[in-house]
Amino acid sequence: MFGFTSKQLARVGIFLFMIFIGVPLIVGATGRWDFYFTLTSVALLAIASAGVWLTFYIGRINIGQGAFALIGAYVSAILVVKAGWSFWISLPAAGLFAAVVAILIGLPILRLRGVYFAMITLVLTQVVTLTALALPITNGARGISNIPLPSGISVFGIPILPDFAAMENTKLAFYYTACILMIITYAALYRLVNSRLGHLCRSMQQNEELASSIGVNISYIRIVIFAISSFFGGIGGAMFGSIAQSVYPSSFQVADSVNFMLNCFLGGLGYVFGPMLGTLVLYFGWDLLFEFGKYQMLIYSTILIVIIRFLPNGLLSIRFGKGGDK
Amino acid sequence: MQRRSLIQAALTAATLTAFGVTSALAENPALKIGFVGVTSGPAAAWGISNQRSMEARAAWLNETGGYTIGGTTYDIEIVSFDDQKDPKRAIAGMEKMAQEGIHYVVGPNVDDGAAAVRPVAESNGIMYFPYAFPKSLYQAPASNAVLGMVANYQSGPAIYKYLMENKGVKTVAFIAANESDPLSQRDGGVAAAKELGLEVVSDNVTYQVDTTDFTPVLTPVMRSRPDLLVLSGVSPANAPQLIRSARELGFQGIISTETAQDAGVLAEGAGDLAKGFISVGGASTPELASPMMNEFVDRYTEMFGEYNDESNTKVYALEYILETLKAEPSAIDDVEAFKAKMDTFEAPNPYMNGDAKLRYVGMSSFGQKRQVAVPLVVNVYQDGAFETLFVAEVD
Amino acid sequence: MSPLLQVKNVTKKYGGLTANNAISFDVAENEILSVIGPNGAGKSTLFKMIASFTPTTSGEVVFQGERISNLKPHIVARKGVVRTFQETTIFKSMTVRESVVVAQHLRAKASLAGYFWGSKTAKEDVTAFERYADELLEFLGMSHIAGEQASNLPQGSLRALGIAIGLATDPKVLLLDEPFAGMNHDETMNMVNLVRSVRDERGVTVMLVEHDMPAVMNISDRIVVLNFGEKVAEGTPSEIQNNEKVIEAYLGSVDDEIGM
Amino acid sequence: MEQILANGVYLGSQYAMIALGLTLIFALMNVLNFAHGQMYVIGGFVTYTFYGQWGVPFVLALVMSCVTLAILGALIERYLFAPVIKGPAREESTMLLAAGIAFFLDAVILLVFGEKQSGVPKIVDGVFNYDFRLIMPYDRILICVLAILSIVAFIGLMQYTKTGRALRALAQDRTAAQLMGVNVDRYSMIGFALGAMLAGLVGGLLVTITGVNLGMGGATSIKAFMMVMIGGAGVISGAIWDGIILGFMEAIGLALLYQYGDITYLLIFVSLMIFLAIRPQGLMGKPWG
């Protein structure tokens, strides 16, 4: 199936089992219900980080994912609250809108490379936050609150998705939704990276001139990749808005954009599943250090520095060795 | 080498503190009260004064034998969560509180965080006391949030009215940081001023939170020559700079804000230029502070090295939680009982001289009693400290 | 028969500086044509304009009757005019085989989406790419280094890798940028033979920019000489060798260069 | 008009100094120093402690800020950046390191100096007031002059001293500098220390006017990044120009667009994006940095 070896299939199987059965069992046994939200966050942030990773794959440092997450969150919130759409339709719409914005913005800025691209995307995050503050449709500073929970969907009377508002506890439902989205994202990412598009991206990452000399339409692929990347950002943001039932201009800000980037670095830029691991470690790590009170930040940043000092190729480089490409 | 030993020292220190916190509570059963707010990063000041006032009060109670509710004496344990001013983290923090079996939480400090934690708080049966003003948090159908201080749309009109009557103020200008909370507060303030019949001469000037020079920002405001300049939702860090720039630009009128400020910060940052600056405070001015308030300030100072006047307004939430629980012991793990009790609850206010009462208010603003009745103490800065200008009540 | 590629009055100005001034010449099908000239004569700029890596200021480049100047490089590559680079321009962290497989991008029949879903055409493409890569590496005598990471290769092999990447696109005209630079005599001879066999066995027209005079004389059918952005001479190697202008203006300066 | 000009010069000179340090570090090591703003804040707090708390003369306190930051910068370069840059890692990993250091310094600042806004007494009292058309407090004028002097001194250092020449050679081409006999390790460290020192110096200067607090760090970094982009990353003259340009844009924008308060920065950001899209290398930079 898709050219996977049986060993890889087994690993994927174990991973899926852990997420959908293992985690609920562990939570049930330990009573740590708060892990659901933490893991839901990890899953959603990992989706947005996957987008950042993808732009890294064409050799661009992207510190603008917070902008697209915020756009996604607002689009979904506006569609649900003001236009009365079902959340489940607004979710892809949010992703698509983010992708369209990415195409428009990407046309001029994707010509930039290195720190120039990095900085302009950082500025982009600021621009979107300031725009959200200034626009009437986003309610400006007051944000959009009281967003209803996702409603159920049924086709020909057969319920496909349950109504979240009718649930006793939405934690598990959001957890499963986020995990399913994450798995779809990473499956798509894995396929993409291992298909011809992925190879072309790699060729662009390593040398854009040479890539265009072998006939690769680099500006087209850059746009496509940036749009896909921002689509992921939009989806992650929209889902978060739905969990928090509110969106503010500060829901995603520069710090988030930087964190998305750090997730990718930490997991390892050479590995498809790097951003997922990076997100888990960075986000969960912060929660685990909760015990240390006011030293939390100090310890967290120290660990971060130590990791980058001794594992500069990311956490996954321990397992795969340097230069190994997954 | 140096760096390593530094880190080692830090780690050791951190581990010790962590153990210290958990081992200190041995004799009495612990009653955990949560705090979710920002205690690191740029906005750390807001949460830290909050957290510290809770910790100082808890330590005091525990030292004197604990707090008795319904015949059981508890040691009060404050469980704090740093949300980094990120609404996503704030939700995680509230989940954490639910996990710890906590039903009463103070915080979050900002609008977006307070809105984001609402679903979690309501589904887990947590009453929370945010320091955020949006009315939708406290109006039905929202049920679990209790405003922990006086809102700007309540204090603003009182201040403006006082200034109109006593200082002949006729025109007012507003300035706010370009962020959710200050902008919302500015809009509320503008509406209140217009209702009182004040002429609003400038209300659309904003500044970036990271502004280092306020002169260009303030110049157009000064040109409108208002009698009163309102710094909407100003952070303690920006207040002295704004005051200083306004005075240096030759502004002679009155400057006020509806948020709590720290006299020390004003003294350092603006010196004599801050004279006459009006802000909302708690009850630690000498005229109002009860012996208990003074002792609280002493203990706080001893515990953390310095006092922060912002804590005057932040000491109340914990007191309200504990007093209400004492009045209705079954509420200790049943927030419905707490909500029911809120309608009738009344107890003396220990921090203030006179016969002030602790009770829940908010009927006129929210349609339900979802606000703590903190005395609306309006302070004026004079020579390094605050003096009480007047005291009002919120209903 | 009309020439395969025509350079017509091509001029390039950078601000006030003229890098190429009204240069014209034709390239016939299946020939090896070298462009030579001292440093700064404008050879590289000319190459860039032919491959559309930089626009011309005036004049045009025509390939098979179609104007190819001032387009995007990848479009020119699709038409069959492909340039190689000097050795630093490679896919550093790909293996030799991977590089050659990727470079067959233009031969793909399936769409990008087809690859994503793993369509039948896409699978056939992948098999075909890999087979052709092996064949090409065999032809270039590089099979033994097929699995090496490009960044670990010695200079000579990098040059060959550049040509392999260029050939993998199935070009009609291959533009080689200083293929012999920095090589010793034996290496140069190997490369000369390689380039010749590319033309003879693959039917690829070759244009090259080069400094190494003996190699150029050896390999070229015709030579174009540039100096200070102008075309000084054009002709067969023996014509060029006996051209007074070339000897005076150009060969002298090469001696200087060597003398340094 | 005069007021806008004066505000522009004042803002411009302080921005230029912030940008200088950042661009120097970038030029030398190709590191985007995310922790630059935190270094600025530490500089402010050191001056605050010496001058505001302990009553040490202001100039001495400034020197202490410079020394502290230079040492801090040197240590960070020597023990963190240098090994990571030399290692097999991808170029981008220095960004993660820089971000980690920014978090770390934030945590240290919070623990050591606390969360409150701190300020020092004014160094000079009084306000220069020219007919209400130009209002400028004397301390601002003094700081502005000091900032300009520091910039001049820095340029002098880079142009006319051996260290300066070595640093410039290093910035231009690392390998070539090495071949010319420049001790690359040593001068990278000196360069980083110098960049950090500049951040500390601005922090120390500005603490007299704006005071200092924990929150200024991140915001300052972002502003500095923007400026560096306008001028062209890694170009000294660019850094000075862009500081002045941003200073003037801010001064003019705030003066003219005040009735739409929220949009001055939005416009600055958007025009920056458009500008960079048209001229990717900034004003003075080489293409693609």
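Going in written order, the chains are labelled A, B, C and D, and every chain counts its residues from 1.
Here, contacts are C-beta pairs under 8 Å (C-beta built on N, C-alpha and C of every residue); 3 or more make two chains touch, one makes a residue touch a chain.
All figures in this text were calculated on a predicted structure; none of them were measured in a lab.
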Chain of greatest Cα-centre distance to chain B: C
Which of A-D and A-C has more C-beta pairs touching across its chains: A-D
Euclidean distance of C-alpha centroids - chain A vs chain D, Å: 33
CA centroid of chain C to CA centroid of chain D, Å: 47
Centroid spacing, where centroids are CA-atom means, of chain B and chain C in whole angstrom: 71
Chain centre separation (chain A, chain C; CA means) in Å: 43
Touching two or more other chains - residue numbers and ranges from chain B: 39-41, 178
Residue list for chain C, restricted to those that touch at least two other chains: none
Junction residues of chain A - those touching two or more other chains: 130, 133, 255, 294-295, 297-298, 302
Set of all touching chain pairs, with the criterion as stated earlier: A-B, A-C, A-D, B-D
Chain B-touching residues of chain A, taken from the complex the two chains share: 31-34, 36-38, 41, 130, 133, 140-143, 145-146, 149, 169-170, 240, 243-246, 248-251, 255-256, 286-287, 290-299, 302
For the chain D and chain B complex, residues of the former touching the latter: 3-4, 7, 10-11, 14, 52, 75, 79, 106-107, 110, 114-122, 127, 129, 132, 135, 137, 140, 206, 209-211, 213-220, 222-223, 250-251, 254-255, 258-262, 265
Touching residues (chain side chain A, partner chain D) in the complex: 56, 61, 105, 108-109, 111-116, 118-120, 122-124, 126-127, 130-131, 133-134, 254-255, 258, 261-262, 265-266, 269, 294-295, 297-298, 300-302, 304-305, 308-309, 312-313, 322
In the complex, chain A residues that touch chain C: 2-3, 188, 191-192, 195-197, 199-200, 202-203, 206-207, 209-210, 212-219, 224, 323, 325
For the chain C and chain A complex, residues of the former touching the latter: 51, 53, 72-74, 77-78, 82-85, 89-94, 98-99, 101-103, 105-106, 108, 110, 112, 115-118, 122, 125-126, 149, 165-166, 168-169
